[in-house]
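In the two complexes below, chain A is the common chain; its partner is chain B in one and chain C in the other.
Showing the complex of A and B:
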């Protein structure tokens, strides 16, 4: 229709009261975000340079000692490396397990089944994370389901001693974030034209060559997006290491939590949180171009 | 479709991944019916833990709090989020890109950081902690999801419908009420349910904003896990996860996760 073609853009930009409407519609939402995200982060930044909580009756001054503590004491540096390693390992496992799964969903399964299976894979991601982690304690504990099963399959198998280890934390986190990787890879993979793969195969490319030269490069935005979006929350995790890691579960996240809930050294906690946030921002900045392509 | 061997392998692999995702939850559910509180096998089936649950006032109280916070979050986030989505669709303005990018931090920054920052700021500014603080925080987390989900629906809206209504003499409010909102209803419902799920399952933010005696269900469950396992926790966890998965299945009827396919 000719009418709709000429009308569309004018209706969007007309009216002198636009500014008022825009402010009225977006204002409340963004005011909310300012109070609950921006101001708290700003306050935390301020706190991280203080020697004590700035409340009446407290003695506090401006200091760099909270940041100095991080850079001078080996404890925090080891902790940071441990958390980064955890994030890297979890993202890697999610890729190794999730990418083939996304490929199967996008290229092998067809029709109604694809929709249903895809939902089954990604729905747990938005369900209760705490309970999903907790459920692993039933599986991993000594004499739990896993050990009983292995003992039944291989009599005299003995004990795995998985509970309260670094590996248990990795298993729980991979379980938590795997659907994310499958989601982002699936979206990338489903944009690859099947004809492209068929063409390469018919010209004599082996399956491995197709994977290496066509599928992996074209799905790279999804893989990177998945990896970044997993890495970031994992380096800030504290509940998963606490439940599954026990004494082995000390990471940057759990130490930050301690500062706020048991040690009550809020300025140090604020400084550590900001160092973590800086890592997150650096990672987003590095991968920004790829992330933008993925979205 | 012919069942080629590679297809078969692919299906087995998918089955294994699904088993990895769901088996722990099923094990936990099975254990909630086990009369042995040390999870001895084989399972001796019982409903005892669910009966005990009905008398656990702390868990019931925190369930009530969770529902209260989730309902308030749902109402506030879906109204504010839908309003913002309408503005993004209707108007082109200078700061649109900035505003859209500002939705990213609540999702992308680890909750540990946002949670501790809120604790610090709310405590210091006199807002305080408790259910009202949790509602403040949960709405911030739910808003971006509501805007994303509602915007996905709104994209297909034909502005000519609004123009037609206006030319027939409807005022701006009538246009929104009788034309825009009815079209948006499915997106609005999906966004609202999503906001409810985000709030009901939220642990980290609630954990930092709770005060002794006033907490939500996930916080209460976490405290119980740290103190030592009780099968009652399996029972309530089983109910919660069944509820939240059902909720998300309903959301998926209104909104396609992962965009258009």
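Showing the complex of A and C:
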């Protein structure tokens, strides 16, 4: 009796204060989000329907021409597809490189070594992204660190011609976003019960079957989360393509940046950004069944 | 020369003080790019000694910002640097006031085509004192050329495939193409021709550069045989960084720009401001500035003539006399600017395929 009483009474007392505590705990975060994200975003959405930046001394009216421009000019669509392809490729490479790494961290290595290896994954996060990209320019450029090393290993190796190419952009972006994939995969891999793997092995499943039928399906939430976290920022990226891509570094992100910084055409830049956002939402809607099953 | 300028300044101050009846020292506010001549400490010290006036600075980072500052702070600034492509707009909006060159004793040395450049005029009145000018063209790595090229078509020469550095700038790109196809750089009529020329650069371009610093790095690491460049920057890269480069003035011409100094409409200290502008076009200031720091070409012919023989700007001004046309960057409508960006972005997309 006494036990059940103590169990029941706190629940009764908690009931009325529940709403208040939810508000108290989540309120600041949501207020912050509304002020810093939602309001500026709404302002940008409004800008995207104007013919000019609404400043004193400028004529402007409400128009759809910024959105129409995207459909009138073929090159915006070409760039959109190129940006989406970049997003897919970078997410794929992050998965191919990050997943095995996360698997080893979660299942094979234990104790202090795991902490040390984790640190090595996270350390790049501590340095400024711009510095990381400029380090890559030193590695990739002609007669740079990579070519010198290869030339030393294999005399007469010649030139890779990697700098200022699409591949250079992919390399830089994969490096920047790899930790996201490793961390999300690690979390879902470490929740897989080792007994499941042992059971499958004892019933004669090959290592490949175990990977295909047990590990991959169970870690899917982490893989999907990582892929989404990488895909979304990569399709809007402009800094890495500009520095590493050179002549081949034009994407929708760089074109949007140009509208804001070089011609002061905020409305068109905003419209292109929202079209990009709409594309992302459409892609997520199409993949919704897969995403839901995965998580 | 020094003593002469000094005495002249004293005389000017004396004349002004008798005219106004009071010889009080003013603090004038100058609106300019940072590090662009008006804020050299040694010069300001001399100016204060000569006239008693002190100079305070405020900086802008873009022409639009400069115009916004003039619009929102009337009666604050005494001197403002206005690129001649924007002088007419500023005059039309009533932000700057008409000037008389007679108020500026050193203006007698100004090159006539610069002093009364059509871009500095609005309604037949002069709104800016021509101060500095320069050209945008290209520079070569002397190690990669046997002889100095003299045509803008060198940029399209297949011998330099994958060796050309290009500035990622829509207006400049279209202006180069306009120059190569003999069109008006400020309002080209045939954008198809421009597009065709820019598309033809696809095999040529190694990469884009965006700042002088980047340009120096790429040139030093051997990425470029030739690259578009600004004359003033070329002087610095050659003299201060010791890069093996040569600035080329093609016979077809180059894209010229002109910066003028203007007086905002409600300048609080107009007399001191005029003294300062005259100080800026004084050969004595220019020679020291160009020799010790490096500067674009002075609009004052006497100033350029006083540079030591072999000085970059002295040679350049001689070469510029030989070209067919020297179109100046002039006022440009928003529609033209946006059209140029569209053509350039379309071209950059073509480069990807």
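Note that in this section the second predicted complex is superposed on the first by the 242 of 295 C-alpha atoms of A that agree within 3 Å, B and C clash if a C-alpha of one lies under 4 Å from a C-alpha of the other, contacts with A are read in each partner's own complex, and residues count from 1 in each chain.
Keep in mind that, in the parts below, a contact is a pair of C-beta atoms (placed from the backbone, for glycine too) under 8 Å apart; a residue touches a chain by one contact, two chains touch by 3 or more.
Keep in mind the model is a prediction, meaning the values are calculated, not measured.
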{"item": "Which superposed partner A:246 touches (first chain B, second chain C, both, neither)", "value": "second"}
{"item": "Chain B versus chain C as contact partner of A:167, first or second or both or neither", "value": "neither"}
{"item": "Partner chain(s) touched by A:82 [first = chain B, second = chain C, both, neither]", "value": "second"}
{"item": "First, second, both or neither for A:142, with chain B first and chain C second", "value": "second"}
{"item": "Which superposed partner A:73 touches (first chain B, second chain C, both, neither)", "value": "second"}
{"item": "More chain A residues in contact - chain B or chain C", "value": "B"}
{"item": "Partner chain(s) touched by A:265 [first = chain B, second = chain C, both, neither]", "value": "second"}
{"item": "Touched partner set for A:29, first chain B, second chain C, both or neither", "value": "first"}
{"item": "Touching partner for A:255 - first (chain B), second (chain C), both, neither", "value": "second"}
{"item": "Contact residues of chain A, present in both the chain B and the chain C interface", "value": "55, 141, 143, 242"}
{"item": "Of all residues in chain A, those that touch chain C in their complex", "value": "52, 55-57, 73, 75, 78-79, 82, 141-143, 163-164, 166, 242, 246-250, 255, 258-259, 262-265"}
{"item": "Sites on chain A touched by chain B in the complex", "value": "3-4, 7-8, 11-13, 18-19, 21-22, 24-26, 28-30, 32-33, 35-37, 39-41, 43-44, 47, 53-55, 97-98, 100-101, 104-105, 108-110, 115, 117-124, 126-132, 134-139, 141, 143-145, 148, 175, 178-179, 182-183, 186-187, 190, 229, 232-233, 235-239, 242-243, 253, 256-257, 260-261, 266, 269-270, 273, 276-277, 280, 284"}
{"item": "Residues of chain C that touch chain A when the two form their complex", "value": "64, 68, 71, 93, 169-170, 202, 205-208, 210, 221-223, 334, 337-338, 341-342, 345-346, 348-353"}
{"item": "Residues of chain B that touch chain A when the two form their complex", "value": "1, 6-7, 10-11, 13-14, 17-18, 20-25, 27-28, 31, 39, 41, 76, 80-81, 83-84, 86-88, 90-93, 99, 102-103, 105-106, 108-114, 116-122, 124-125, 136-137, 139-140, 143, 147, 158-160, 162-163, 172, 194, 197-198, 201, 203-204, 207-208, 218, 221-222, 225-226, 229, 233-234, 237, 240-241, 244-245, 248-249, 252, 257-259, 261"}
